[in-house]
Amino acid sequence: MELATVIFYLIAAVTVGSAAMVAFSRNIIHSAFSLLGTFAGVAAIYVFLGADFVAAVQVLIYVGGILVLILFAVMLTHRITDVRITNRAVGRIPALAVIGVFLFLLVQTIRETPWQKAKEILYSPTTAKIGDLFLGNYLLPFELASLVLLAALIGAVVISRKELKE
Amino acid sequence: MDLRNFESLKFFYPEAILTGTILLLVLLDLVLRRKEILGYIAGAGCLLSLYAAVELFGARGGWLFQHMIILDNFSLFFKVLFLLAALLVICMSLDCHELRRVHKGEYYTVLLTSTLGMFFMASSSNLLMAYLSLELVSLTSYILTGSLPHNRRSTEAALKYLIYGGVSSGTMIYGMSWVFGMTGSLDYARIGAALLQGEVNHLSLFMAFVFILAGFGYKIVFAPFHMWSPDVYQGAPTPITAFLSVASNAAGLAIMIRFFFPALSRLGENGSWLFLQGVEWPHFLLFLSMVTMTVGNLCALNQQNVKRMLAYSGIAHAGYLLMGLVVLNNDGLRAVLFYVVVYLIMNLGAFLVVMIVANATGREDLDGYHGLAWRGAAIPAVCMAIFLFSLTGLPPFAGFVGKFFLFAAVIRQGGMFVLLAVVAILNSVISLYYYARVVKTMFFDFPQPGAQEVEMTPSHAALLGFLSCLTIFLGVYWGPLAFYAEWSLRFFVR
Amino acid sequence: MAIGLTHYLVIGAILFSLGLYSVLTRRNAISILMGVELILNGANINYVAFSHYSSGNVEGQIYAIFVIMLAAAEAAIGLAIILAFFQIFHTIDVEAAETLKE
Amino acid sequence: MDHPIQTDYLRWIVLLPLVGAAVNGLLGAVLQKRIGKWIISLFACAPVLISFLLSLQAFLDLLALKPDERFLIDRLYPWLSVGSLRVDMAFWVDPLSAVMILVVTGVGGLIHIYSTGYMREDKSYWRYFAFLNLFTCAMLLLVTADNLLLMFVGWEGVGLCSYALIGFWYHDHVNARAGNKAFIVNRVGDFGFVLGVFLVFWSLDRSGHGTLVFREIEKFSALLQGQEIWGVGVVTLVTLFLFVGATGKSAQIPLHVWLPDAMQGPTPVSALIHAATMVTAGVYMVCRLHFLFSAAPATLAVIAAIGVATALFSATIALTQTDIKRVLAYSTVSQLGYMFLAAGVAAYGAAVFHLMTHAFFKACLFLGSGSVIHAMGGEQDMRKMGGLRRSLPYTFWTFAVAVLAIAGTPLTAGFFSKDEILWQAFSSPHGSPLLWVLGVAGAGLTAFYMFRQFFLVFFGECRADHHVKAHLHESPKAMTLPLVLLAIGSIAAGWIGLPEIFGGSRFAEWLEPVFGAHHEVHASGSLEEILMALSVAVAAAGFYLAYLIYYRGRLAPERFSSLAGGLFYRLSYNKYYIDEIYQFFFVNGTLLLARIGAWIDQYIIDFIVDGSAKTTAFISWIHGLFDNHVVDWLVNKIADSTFDAGDKFRKVQTGNINSYLYVILGAVVLAIIVKLRYWS
Amino acid sequence: MTDNVLTYMTFFPLAGMIVVLMLPSDRHNLIRWVSALFTVPPLALGVWLYGHFNTAIPGLQFVEKIPWIPAYNINYFVGIDGISISMVLLTALLSFLCIFASWGIDKGVKGYFALFLLLDTGMMGVFVALDFFLFYVFWELMLLPMYFLIGVWGGPRREYAAIKFFLYTLFGSVLMLLAILALYFTSEPHTFDMTVLIAQSGKYGTEPLAIWPFNQWGWGFQHVVWMALFIGFAIKIPAFPFHTWLPDAHVEAPTAISVILAGVLLKMGTYGILRVNFPMLPQATADLAYYFLGVLGTWNIIYGALCAMAQKDLKKLVAYSSVSHMGYVMLGMATFTPQGISGAVLQMFNHGTITAMLFLLVGVIYDRAHHRDIEGFGGLAAVMPVYTGVTALAFFASMGLPGLSGFISEVLVLLGAWQKYPILSILGASGVVLTAGYFLWTIQRVYLGPTNEKYKTLPEINGRELFTLIPLGIIVIALGVYPNAMLDLLRASLDQLNQIVIPHLP
């Protein structure tokens, strides 16, 4: 077995394992920190797939942004001193059953589907290419994304701001 | 016509104007003291954009921005529709007691952003654009829903909406990723071409569609993706509920038609669409349509809250709208387009009355409507009756013509679709029951002693009058609108 | 067995399923949001993998970048809403949300 | 025959009374108050008298014609013309209807005059005469109509007036109820009548001659021969249907029950409607359509049987009745039975002859009894009368004449007509000795109960209380004059129809163009004489028995009434319980059906409809339940009980995000599975 | 003016509605008189129509046809023939009279009269429309005002009655809509024009449909469409078992509305069958008429009469009598004989006038005694003789007494029925006995007998009430004496109608 394969399985195990922790952990802090593992693992997978820029974005935004936000939210809404911070989950067995069937179906379908095959498999840096596309073909989405972020910004302000005095 | 980025700008006026207005609002919010003016500015922006959109009528259709969006009659139709909805909702918001404590600047900004997002939903020709625009609309919708500060219902609704939206869009992009994987492209046209010639695994295609449908369905509000809507509609401020129930619904339809019809099917003879082999799209939608209208109507039966009832009725109407998609032909689509316009008018009208009553009494439950007609609010009561009967589908109101087209499309197709028509009929009858219950409460029950008088502002009266006259007018003379709907079916792509 | 497209897709599917599982079982709004993030990551793996194996161009990667961006925006709004919710209800258990029902 | 003479005065015979009725009906209340009762009397009596004169004119006109051409017609306008159905508003007079209009207007006129005296005190004088005139109009319409449908108009019209006049004193529920009974029983008969009309029309229409005009039916009646429906000859069925109508109107078994109750009306009404005219409409109708009946021997047999049965049956009831008018009522039923007996043996002339003579003597009897009641201050129970011959001389003598007539005393009208019937019953091809025997027995009973009444009322000691006794007085002129005239008629009317042995019947001769040649079996004259003598003897025996019991008091009535433990007496006294049986089976049965129908309507049908509504509501409830309970229940119950046992079982509610998501995911999975299972 | 008679007749009341809406709402008398004024022109034009109607032409007259929505081949197309003229006259007359019968309304006067005038337009429109789309619009248009008129101005259970009426009728009419669409798409070119659809009647196939369970019954397109239309119309008639809305609606509705309901609205059902089912789907008509018109009609006659007999409420009794009498119309239509079908149409008119009288009369007594319990009266004849007289006239007309109009139509129906279905005719005729039974019983209980002390002082019927009754009374008598006045109008058209169906009879 090649080293790459071993590393792949390792990363896959980390990703899936920490994702499972997120899903199953009874402690929300544990969940939140496990999410870190998932995000990192996914970033590593991106590297495996030759998507260096995406991997970087993944680390920057997910790990640096979203995860911190989530942790803040957890802190703000829970007393840290509480030994066992509840992360209540209910109805696991039926959920497991449904999800199990679902996953089975997904995997079966994935295996049977003849996916499109690329002519060549590239392992070149993608940053420049992506940058070009952002200012070329994908200019509109790129600009639109800025609007989305603006809206999100305003939205976060609107929702968390105190109300107007009459 | 396939335009590059800068060339595209001259066909981009409606969006550009709207974007400009949004930015202007953000700036003016900082400067202006009298925030009421912002509403008028937003309205003016919409009007300007509307003008620009109408100016574009007759322009040769084509791809803009490197195949990102499409300019065609279909997208123009929906743009006009969204602008009308936004305009009306802005008019409603100007005098809404619920929104007194809301920061107007942000409110209108977000509202217009949402409208802009819908523009892109109707015109996107790329999976990425579709996702982006859908998310834009979703995010702004969460904000609008939760815009009432320190309001239990509003915040709760926003939270539910958020979770729902997150899951739905996640599911949708998962589905989209499969489509991407199967075709190697994000562009509708190329996806369509690839699917038509390539070896397609029916099962994975179907699964991808089902996932994508979760995203669209949650916007259109059809079963089983409908369950958020009653809670959200009830919790959101009334103008926003009106906006969501009409514009967001229409945007969902637009994106769905845009995605499934021109992209994933090809035009057959006599204006019918042939769908890809192996995806039992009609059967599936037929079933969904039946379930949706039935569930919506049955749940609406016993609602005590009028807003919630209208939410369920919205679900039922989503079911009726699906009838038009089921038959997979231009007849059906024309009916859908027609009905969307009509639905906009009557549903907005109904919510306007709900708002007027809530303004005066602070109540949204049915008991607040006791003897409305006899409490100085004869005009809102009569208008409400008109809107509700129109929603039922009674002539001479516009809702009848809309339903008529839908039925016509279905009946014409014959066969198993007749079953759908019969189910729809039974549903109409059921729906009459709960609509008539509101009418009954307004007219047949006499006000309890001490009930508040209901008054309304002249602007509301004018708006009501306009909407109800339009409802009747379109019920009697609907040729032009039908023509407009027909005209809007000229897709550029394929 | 060489590592191929299917492996990545399966990881994506597992993340997707685990995300759905969280969403289904969690009562805590933040946990549900985390579940949504898992779903998005699952989808993203698909995009990048397809970009690599199927299309041979970077469209999929761009899609993934947008997804990450939007996830951030959604997380921002989502957490703002959750905090507002917490202020009113003093919990983020979604079962506490019982104002809206028929 | 095909071109009867068109006249323009026949319509007035019918319409004049209508004018009277309209004036009195619409303006009567005002006129009576402003001007007085005399103006009402004028508007009431004058039209009828003028009608009588016009009828005489018609009679004379007929007389002036050759026997075969004796038709007058007055066509007004086409009344109903739809498809092949063409019915004119047309009146005609032929020898048969000439007799009828003379009787109706003549006897009717007398009764009008009588009524002006009898009803003088009544507050609703105008209403009485309005209906009486309306009745006259309807009756005249009935007898002069030239087609079946128009006849039916009169047929129902007389029923309506009968109803209104029976219940004239509507303040008493008994009267109102009697009116209802009469109307409804008549309706049952009419039901048969219209079916007969339909059948005859369509049977003729089949050969392209659909018509309801009498002359044309007669002309084409041969076409009906051989046609069958439901395995029965059309002619038989038509005649049976029509005869059902006749039994209703003419109070034959089994529809005879209304007539005795009809005596609740004012006595002149009983005389006019329930003795002289309306009740004979059935007989008239049978005679009018004799050509059909003659062609249906089976029907004839039925008619004869029912006629004789009715005659005998009601005579037995009359034996024990104590109400003066009730006796007469049953006697009327009985006499009508004789008429049907005659018709049933195809002796239509005899039937009409008896009809005419009966009109005289029965009207006389009724009016006489009215006079008695008037004198007794409204008392009708014969047991409280007696010895009235001194105080009411006119009444007594006229009554006596009429009693003699009805009992069949030789040389009175009743004798001739009844004898004719009995002879025909014996000798006609359709007759039989049995019919004769039964008829004679009935005649004996008739003599008995009539004399019983006669003796009870006019002889012996007065059993009334002294108040009544003090007020006993003869009736005014307006009442006695008609009595006298009718009494004369009761004798003289018979003389125009003498039996063969006394020189032959002018009457039969007159009717010959209608009924065809008198196909009488010319048995030896001596047989007729013997039979006649026998019947007289039987009548005399009846008289003698009554004389013994009620005049001489030699025999106690109890000797008869206690026979067989009083069984016969009770049966007869209680009219064989027919009313009770009908009440039980038909009236209560219908009401029961009605209640069942209403119940079904209220509960079953609405239940089904409401039920579907409820089901819808139920489904929506279930859906809510599913939403509220099942999904959450599955989630919560299973989860809480297994893993989170410490967590309290929360109250389930909607608005639960997780359960919503379950639905979505479940649906997606389901869709995929369905897809895999069915469409792969 | 004379070119657009029907348009004027139809839309005058609508103009009246707009005028009434603009009047100040507290000027009650002004509103009443204005409303009355706007019902006069239709009546006057109706009389004019009666005079100028050419009885020799079987086809349409006074036709107006203007394109409405050309893209869908929808026209404003009105006209009358022998089938509709009697209904048009009836509508004009009853609308006019009912304005006066509504004089006593004093709650929401403006709304009442405005809705009433709208109702008038709707009703008139249904009878003159020759375009199916237009027909449907008018058909439904009339529902709304009716719903409000019952629901707002009705009796104690008005809400229940109104919604029941509404739901039933809507159910039927939506089913009808499907049938209309099916016909539209079968025609070539697609059209809603009834005359064209009739001309194309041969196109509608009868080969068994592939839809379960119709293929089991061997039902074809025609039959299925026929059934859909029939149910829509049967609910209006109302035919058993769709009739239960009627007693409720009648009992709760205000007097004038009951009159309209029974007088005009019920006729729409039978009119629709004659106008649509007969000529457009002749084969299905020939196949199904016996069961769904003949047998069901007879059942209606008997069942309605039995139900009427058991009622304690005077108005309900009259309502059930309508069920019974409309049965004659159905039976008559099923016969395809000139007599039967003429009788049916005549019965429609006669029932309209007679039952209008009955409801007006019930209204009179209800206004005075404030209840309608049959057992609660007694001896009214002594207190209110004129009223009793008019009631008797109406009752006798209703029970088919010869000389009055009801007799003519019933006898024609039964006569016509005898030729085809003697048994039904016999059963139907037995309904006559039952009818007499319950009416006489009612007369006895309400008007005869000792006077009820409570009602010794009831005022006699007044001039306004008599004004509404007398024209009807005159018509009832006049048509009994000279029925050709109406039959002449119908003859040609109905004969033609029969000729369409008869060739298809088995």
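Order of writing sets the chain letters: A, B, C, D and E. Residues in each chain are counted from 1.
The rule we apply is simple: a contact is a pair of C-beta atoms (placed from the backbone, for glycine too) under 8 Å apart; a residue touches a chain by one contact, two chains touch by 3 or more.
A quick note: this is a predicted structure, and the numbers were derived from the prediction, not measured.
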What shortest step count links chain A and chain C in the network of chain contacts?
1
Show which chains lie in contact with chain D and also with chain E.
B
Pick the pair with more C-beta contacts: B-D or B-E?
B-E
Chain whose mean Cα position lies farthest from chain D
A
Among all chains, which one's averaged Cα position is nearest the averaged Cα position of every protein chain shown?
E
CA centre of chain A versus CA centre of chain B: separation in Å?
31
Dist(centroid_CA(chain C), centroid_CA(chain D)) in Å evaluates to 94
Give, as an integer number of Å, the spacing between the C-alpha centres of chain D and chain A.
100
The distance between the C-alpha centres of chain A and chain E, rounded to whole Å, is 71
The positions of chain C in contact with two or more other chains are 9, 16, 19-20, 23-27, 32-33, 35, 49-50, 54-56, 59, 62, 66, 70, 73-74, 77, 81-82, 84, 94, 97, 99-102
For chain A, write out the residues touching at least two other chains, lowest number first.
88-92, 95, 98-99, 102, 105-106, 110, 115-116, 118, 138, 141, 145, 148, 151-152, 155, 159
Using the touch definition from the top, which residues of chain B touch two or more other chains?
128, 132, 135, 139, 142-143, 146, 149-150, 155-156, 158, 160, 163, 167, 171, 178, 181-182, 184, 203, 207, 231, 299, 302, 433
Pairwise chain contacts, counting only pairs that touch as defined
A-B, A-C, A-D, B-C, B-D, B-E, C-D, D-E
Within the complex, which stretch of chain D touches chain A?
634-636, 638-640, 642-644, 647, 658, 662, 665-666, 668-669, 672-673, 676
Counting only contacts in the complex, chain B reaches chain D at residues 156, 160, 163-164, 167-168, 171, 202-203, 206-207, 210-211, 214, 223-225, 227-228, 231, 280, 283-284, 295, 298-299, 301-302, 430, 433
Okay, in this complex, where on chain A does chain C touch?
4-5, 8, 12, 15-16, 19-20, 22-23, 28, 31-32, 35, 38-39, 42, 45-46, 48-51, 53-54, 57-58, 61-62, 65-66, 69-70, 72-74, 76-77, 86-92, 95-96, 98-99, 102-103, 106-107, 110-111, 115-122, 126, 129-130, 133-134, 138, 141, 145, 148-149, 151-153, 155-156, 159-160
In their shared complex, at which residues does chain E touch chain D?
167-168, 240-241, 243-244, 247, 303, 306-311, 337-339, 342-343, 379, 381-382, 385, 389, 396, 401-403, 407-408, 411-412, 414-415, 418-419, 422, 425-426, 429-430, 432-434, 436-438, 440-441, 443-444, 447-451, 481-484, 487, 491, 495
Interfacial residue positions of chain E with respect to chain B in the complex
68-72, 108, 111, 136-137, 140-141, 143-144, 147-148, 151-152, 158-159, 162-163, 166-167, 170-171, 174-175, 177-178, 181-182, 184-185, 211
